[in-house]
Amino acid sequence: MCPGLWDSRVEAAMNKSRVETFSDGVFAIAITLLVLTIAQPIDYRDLAHQLVESWPSLAAYVVSFLVIGIMWVNHHAIFSHLREIDRGFFYWNLLLLMTIVFIPYPTEVFGEALRRGEGAETAAIFYSVTMTVNALTWSGLWLYASLNRRLLVPEFPEEQRTTSTLLFISGTAVYTVSIAIAFVSPYACLVFQGGLALYYAFDPISRRAERARRE
Amino acid sequence: MCPGLWDSRVEAAMNKSRVETFSDGVFAIAITLLVLTIAQPIDYRDLAHQLVESWPSLAAYVVSFLVIGIMWVNHHAIFSHLREIDRGFFYWNLLLLMTIVFIPYPTEVFGEALRRGEGAETAAIFYSVTMTVNALTWSGLWLYASLNRRLLVPEFPEEQRTTSTLLFISGTAVYTVSIAIAFVSPYACLVFQGGLALYYAFDPISRRAERARRE
Amino acid sequence: MCPGLWDSRVEAAMNKSRVETFSDGVFAIAITLLVLTIAQPIDYRDLAHQLVESWPSLAAYVVSFLVIGIMWVNHHAIFSHLREIDRGFFYWNLLLLMTIVFIPYPTEVFGEALRRGEGAETAAIFYSVTMTVNALTWSGLWLYASLNRRLLVPEFPEEQRTTSTLLFISGTAVYTVSIAIAFVSPYACLVFQGGLALYYAFDPISRRAERARRE
Amino acid sequence: MCPGLWDSRVEAAMNKSRVETFSDGVFAIAITLLVLTIAQPIDYRDLAHQLVESWPSLAAYVVSFLVIGIMWVNHHAIFSHLREIDRGFFYWNLLLLMTIVFIPYPTEVFGEALRRGEGAETAAIFYSVTMTVNALTWSGLWLYASLNRRLLVPEFPEEQRTTSTLLFISGTAVYTVSIAIAFVSPYACLVFQGGLALYYAFDPISRRAERARRE
């Protein structure tokens, strides 16, 4: 690698748009690799039965696909409020991508465990822990960028900053709750995860805030 | 994820070109992952025989490659007629990508079933159902964008809108027919799917319409 | 998919740069997927031995990596001489990408056959046939674009057009020879393929032509 | 492929930004494929135990993810100091990408060997040799670009050039040391590799140099 080469010229080259494009690529690949997590049938003599039985793999695929797709939108939401990025932000973003790229792994384990009817509780916990760690890195990224308005654009409203910080922290709390749900029922946990994704997709809080600001 | 951050600034950042680039990436990855669906030989002592026998895997690869490649063109066709996109369109597009990313899975199952000579009918039905669901999401995307000309550019001709809507709906119907064909013969179904891809590639209706408009 | 939507507006949107970006993505993914073709060790007790024995997998990886990387350069070489692209060119390009995306498959088979010492001749033939088909689609793409100067920029010299066409056709012939070599020795075939890649990398003919033109 | 087509027009088309975008794509895919290296559980009845036991796979994933992510930054660092690129640089870059795309393979072997407790020493050596070869290609790329200031921008300070060359060479030496550590303990080797990645992430030498230059 190349120590001694990083200076202000490099800093300029590592600008927001380049990091965003790289992250977009990682999102696009991670979301597409999800298809490899769906269990292949083994016995083709009773294929119909095998395909029907692999519905949990498919359900896990759908949930994780929505999750990563919505995260992609939200990644842009954060970037669009930033004035610039720095090295610290770059590494927080790398950590975040690391947890997102990881998602296909617990997705496969979760789907397979539900399909086999073995270890489903453990798999649901594993999936929920992954999502909680992911939520933590989102919060870290946000706090790094927004504390003392380090990287925020000047026009970003101060009260929205407070609201968003609170919502990030509560989001992490909600994902922690999903771990508890996994202990109760793996299926309930999958539904809960899907519901959370949809909640973030419709994002009623942003909508209300936007409406309030307009009035 | 990041509730409370979505506002008009984000809306602007999530513009057409960014969503198109992201979708392009997903198309490029999905089309390339298809190579992983071709059955690897197991017994290398009789390799020639094994390679010849895996021709259905190869045929399924070719058909799905054409299908995704042509869908990529058509994705641009839709985008080039849009003035802007909104959140609802974004989620329709995400749904559409979900069905496209899924294609390698039924492709692998279809090729493998034909190769083994087991479950071929079921696999053909599964492949055709996937394509029908995909056709439905295409229609949904189009209807969302074109109803009341929600997102269409002003210069898009009104009568072309009606024609396209009719053609999208008939397209879905034709894919439903492919399910029926799968019941009759899996091989006929594969040929039919390949033929449909070629039909869309040459797209005689658009050509005729274009010619009519020019005159 | 979306019949009835293709018109001059779409034609404009499907411009050279977009198709080039999409192709770049496919090249980047195909070249990276090659790593999945290297045989994983099975027995870890004698790992050193297993890793050493999988050198043919590694050699096939290196050759195919060079091949795809150099093809990427050459893809740009063609595009940089084009004024515009049309639908026919788009489909030729899609065919070409289909043969490039396919490369990891014969690469894996070739490496594995050499490693096992079984079916190596068949695998070498299979690899060489793939490369020959690939050379044919390169020639097809070039002929489509250059016949009657259909898509060429005006400043592309006429005598260079003739030379290039001849060279494309001889290139295909040389790849056909590699099939014959595969019958003699799979190892010689691998070396020959690597040598051809290096030959194209250094590309003495273009250099001489460039020098001649400068004088 | 296409001999006889490479001329100054092509040279211009193969500019820095295109090669950088292609390389970015390869980095993004290689970093995402790492998730496929994490060992899938086999026995789901004792899933919790199996997941805990696969921590070395996960640790190897984390280390390699950081390594590739930081290399991505450093790739930009080099490019941002270049005036232009030429064909020789392009092939050095291709060689570099070949060693980066390869990283998931030794990562999987390393993680798996640690998990099984078999062949761990060999796997650690293999991983370290890969990283050393990678460091060598980084040095080669840098020397090619910087010797006689072949491709450097004029404003790149001469003394920084000397420092960087020294640091590249010492970097390669440090990676060679990691091979020796692998002989002592595979775990120490993994920690050492992770530490090196962090060292390059914080890059104290560049920071000090930057500070010195500012004063």
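Which chain is which? They are A, B, C and D, in the order written, and residues in each are numbered from 1.
By our rule, contacts are C-beta pairs under 8 Å (C-beta built on N, C-alpha and C of every residue); 3 or more make two chains touch, one makes a residue touch a chain.
Everything numeric here is computed off the predicted structure, so don't read it as measured data.
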| item | value |
| --- | --- |
| Same vs different contact residues, chain C with chain D, by half of numbers used | different |
| Chain whose mean Cα position lies farthest from chain A | C |
| Whole-Å gap separating chain A and chain C, where each centre is the average of the chain's CA atoms | 37 |
| Centre-to-centre distance between chain B and chain A (centres being mean Cα positions), rounded to whole Å | 26 |
| Chain C: positions in contact with at least two other chains | 25, 29, 33, 36 |
| Overall pattern in which the protein chains touch one another (line/ring/star/complete/other) | ring |
| All chain pairs that touch each other | A-B, A-D, B-C, C-D |
| Chain B-touching residues of chain A, taken from the complex the two chains share | 24-25, 27-29, 31-36, 38, 40-41, 44-48, 51, 61-62, 65-66, 69-74, 76-81, 135, 138, 142, 160, 163-164, 167-168, 171, 200-201, 203, 205-207, 209-210, 213 |
| For the chain B and chain A complex, residues of the former touching the latter | 1-10, 12-14, 18, 21-22, 25-26, 29-30, 33, 36, 90-91, 94, 97-98, 101-102, 104-105, 108-109, 112-113, 116, 118-119, 122-123, 126 |
